[in-house]
Amino acid sequence: MIQSFFNPEIIVAAMPIVLAGLFNTILLSLIVVPLGLAGGLVLAMLASVKSPLVRWPLMAWVDFFRAFPPLVLLVLLFAGLPFAGLELGGFACVAIAFFLNTGSYYGEILRAGIDSVPHGQVEAARSTGLSGLQAMGYIVLPQAVRNVLPDLLSNTLEVVKLTSLGSVVAVPELLYQARQAQSITYNPTPIVMAAVIYFLILWPLVRLLSRLENRALAGRG
Amino acid sequence: MIVSAKGIHKHFGHLHVLKGVDLEVAERELVFVIGPSGSGKSTLLRCLNRLEQPSAGSVTVDGIDMLAPATDINHARQRIGMVFQSFNLYPHMTALGNVALALRKVAGKSRAEADALGLAALERVGLADRATHRPLELSGGQQQRVAIARAIALEPRVMLFDEPTSALDPELVGSVLAVMRSLRESGMTMIVVSHEMAFARNAADRVVFMDDGLILEQGPPAAIFENPAHERTRAFIGQIQRH
Amino acid sequence: MSSWDRFTDTFFNAKVMAKYWPDILYGVGVTVELAVLIVVSGLLAGLALALIRALAIRPLNWLIIFIVDLFRSLPPLVIIVLIYFGLPAADISPSGFVSTWLSLALVLMAFAEEIFWAGITSIPKGQWEAARSTGLGFGQTLTNVILPQALRLTIPPLTNRTIAITKGTALGTVVAVSEILGMASSAMSNSYNPSPLMMGAAAYLVLFLPVVVAGRWIEKKFAWKR
């Protein structure tokens, strides 16, 4: 059992490969999280335009990308686009797919946050001469973000976990590297290592979230 | 004695909340419990039906040793009705559903029987016409009367009231007190924690004054209100009456 | 041939589609089967854990909290790969289907336990006391008074989480499950044409778009009002 799953020699041998993967996972997260947030912010601010001409296409866009499993989106970009003569690397495909998918999730969360800020806040800000955009940036968004912080964090946790999909399109992130090491060593120890690393870096966030969520639901009860 | 509590102590961690309380209540008696906030009134009531486990002492209700491990506590609790300050009605059930639940699940009645008994209990509190309403569709006074019906439907031998009118708007207090008075007239044994002094004066057989986890003094309402033996009692009553 | 014709001929090639639609349909069947199994077993296991947790047995609760944290922290694909490629080293060789089912059910179980538990603890203590004071036992109070209120509170977050995890059935393609994406991918490599992939994508939309829209509706309908 130990020999199969926690083989010390293999741990030592695979460590550099797996750590390189961890580095790339962190890098990937640092790119796709802000990208998704930016996309979500644009969607949420567009949603505060009450015109049905904006609202309905926006809702369709968001639901469309929430209905697609992210992996399907990724494969579509990675394997489908080359037939149209557009060959993007695995990394670019991950970035685009995440922008579309997680952006829609972030967008829904931020929209709910903006909706939760009383309209009087905007009116008060506008009455002091702030422009609509200024009122949004200085008054509404800070309160909105605070109101939906648990949901934002929870979605960010999911996004970081989703970066493991990069392994399917040969992005050398943690899971991909671990599988490489596994196929070289014929031993699942590297995959166990990857799992342990994921757990160690994400556990604190999970603990924090569990507290925040419990409090949120209790407050509503 | 239908209720007999002897030497009750209760600790919450380091906090010593009840410090040896003795309380005996005779059948058909209405005992009124008053005292400053934090003196342990609620805790004492809750020790009587074992919602709190006393740290020491003995509690006997209607001949049943409430603290004995062999006692079927759920069966014993049917005989002790309790009414809470915050009503605690089940929001997902109708008024009748609230009243009938324990009749079915604890007393083992059929649904039809339970509904009939529940309706009779609602009738006694004057709310038979509200049987199908949800708690949120009722006023505070009506909710508290449903809570009383929920307790009396089980035909308890004793009723415990923990500040039944404190959460009510002043104009709704009367309807609840009227139900309590009619219960009293029907011969129910009652232990009431409340600040309704006028009600105590003309309905209570005995007033018990608690202070800092102990019963400081007790006696007929007139004696306690007009002529308390202790300075603490005098100060408390003076304070209440000024409000 | 105009460029538009070339485009449709590549991505929506009628001949390829005619040939491979039964494959895609088969994939739809597998996806639906997998999804139903995951939802049923994951939700039931999550509810069971939450109920056990309500018994407040210390060591057991620590174990439950650890299991929940574990399956919330690990990416589902990592769990699938671990079970499918790892377990054979311990002489257990689950199929790709079973690996995917087990993994996603465990993930859903973890999230569901968390949500059910939050729902149970959000019910005021007075509800327990009122019920117990009328003689209802612990289990009777839980099932008749607490759970009906708690479940209502948990419906919106549970719906969204269930939809998100069910979409993970596509991950099965990594361990050779013949669900939609897997069938579409192999059809694509057999035909050197992306049309099967487009059909697969359409199939996902047909399956999940109604679910997402229904989730939106449920969220509104069960908005916090008590």
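Order as written gives the chain letters A, B and C; numbering starts at 1 within each chain.
To be clear about the criterion, a contact is a pair of C-beta atoms (placed from the backbone, for glycine too) under 8 Å apart; a residue touches a chain by one contact, two chains touch by 3 or more.
As the structure is a prediction and not an experimental result, all values here were calculated from the model.
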Need the graph distance between subunit B and subunit C over the touch network, please.
1
By count of C-beta pairs in contact, what is the leading chain pair?
A-C
Farthest from subunit C by Cα centre, which chain is it? Let me know.
B
Euclidean distance of C-alpha centroids - subunit B vs subunit C, Å:
48
Report the inter-centroid distance (CA atoms only) between subunit A and subunit C in whole Å.
18
Centroid spacing, where centroids are CA-atom means, of subunit A and subunit B in whole angstrom:
54
For subunit C, give me the residues that contact two or more of the other chains.
124, 226
Under the touch definition given earlier, write down the residues of subunit C that touch subunit B in their complex.
124, 126-127, 129-137, 140, 144-145, 148-149, 152, 226
With touch defined as at the start, can you tell me which subunit C residues reach subunit A in the complex?
7, 10-11, 68-70, 72-79, 81-82, 85-86, 89-90, 114-115, 117-119, 121-124, 153-154, 157, 164, 167-171, 173-174, 180-181, 185, 188, 193-194, 197-198, 200-201, 204-205, 208-209, 211-213, 216, 224, 226
The answer for subunit B against subunit C in the complex is residues 49, 51, 74-78, 80-82, 84, 86, 88-92, 101-102, 105-107, 136, 147, 150-151, 154
Per the contact definition, I'd like the list of subunit A residues that touch subunit C in the complex.
1, 4-5, 63-64, 66-72, 75-76, 79-80, 83-84, 157-158, 161-165, 167-168, 175, 179, 182, 187-188, 191-192, 194-195, 198-199, 202-203, 205-207, 209-210, 213-214, 217-218, 220-221
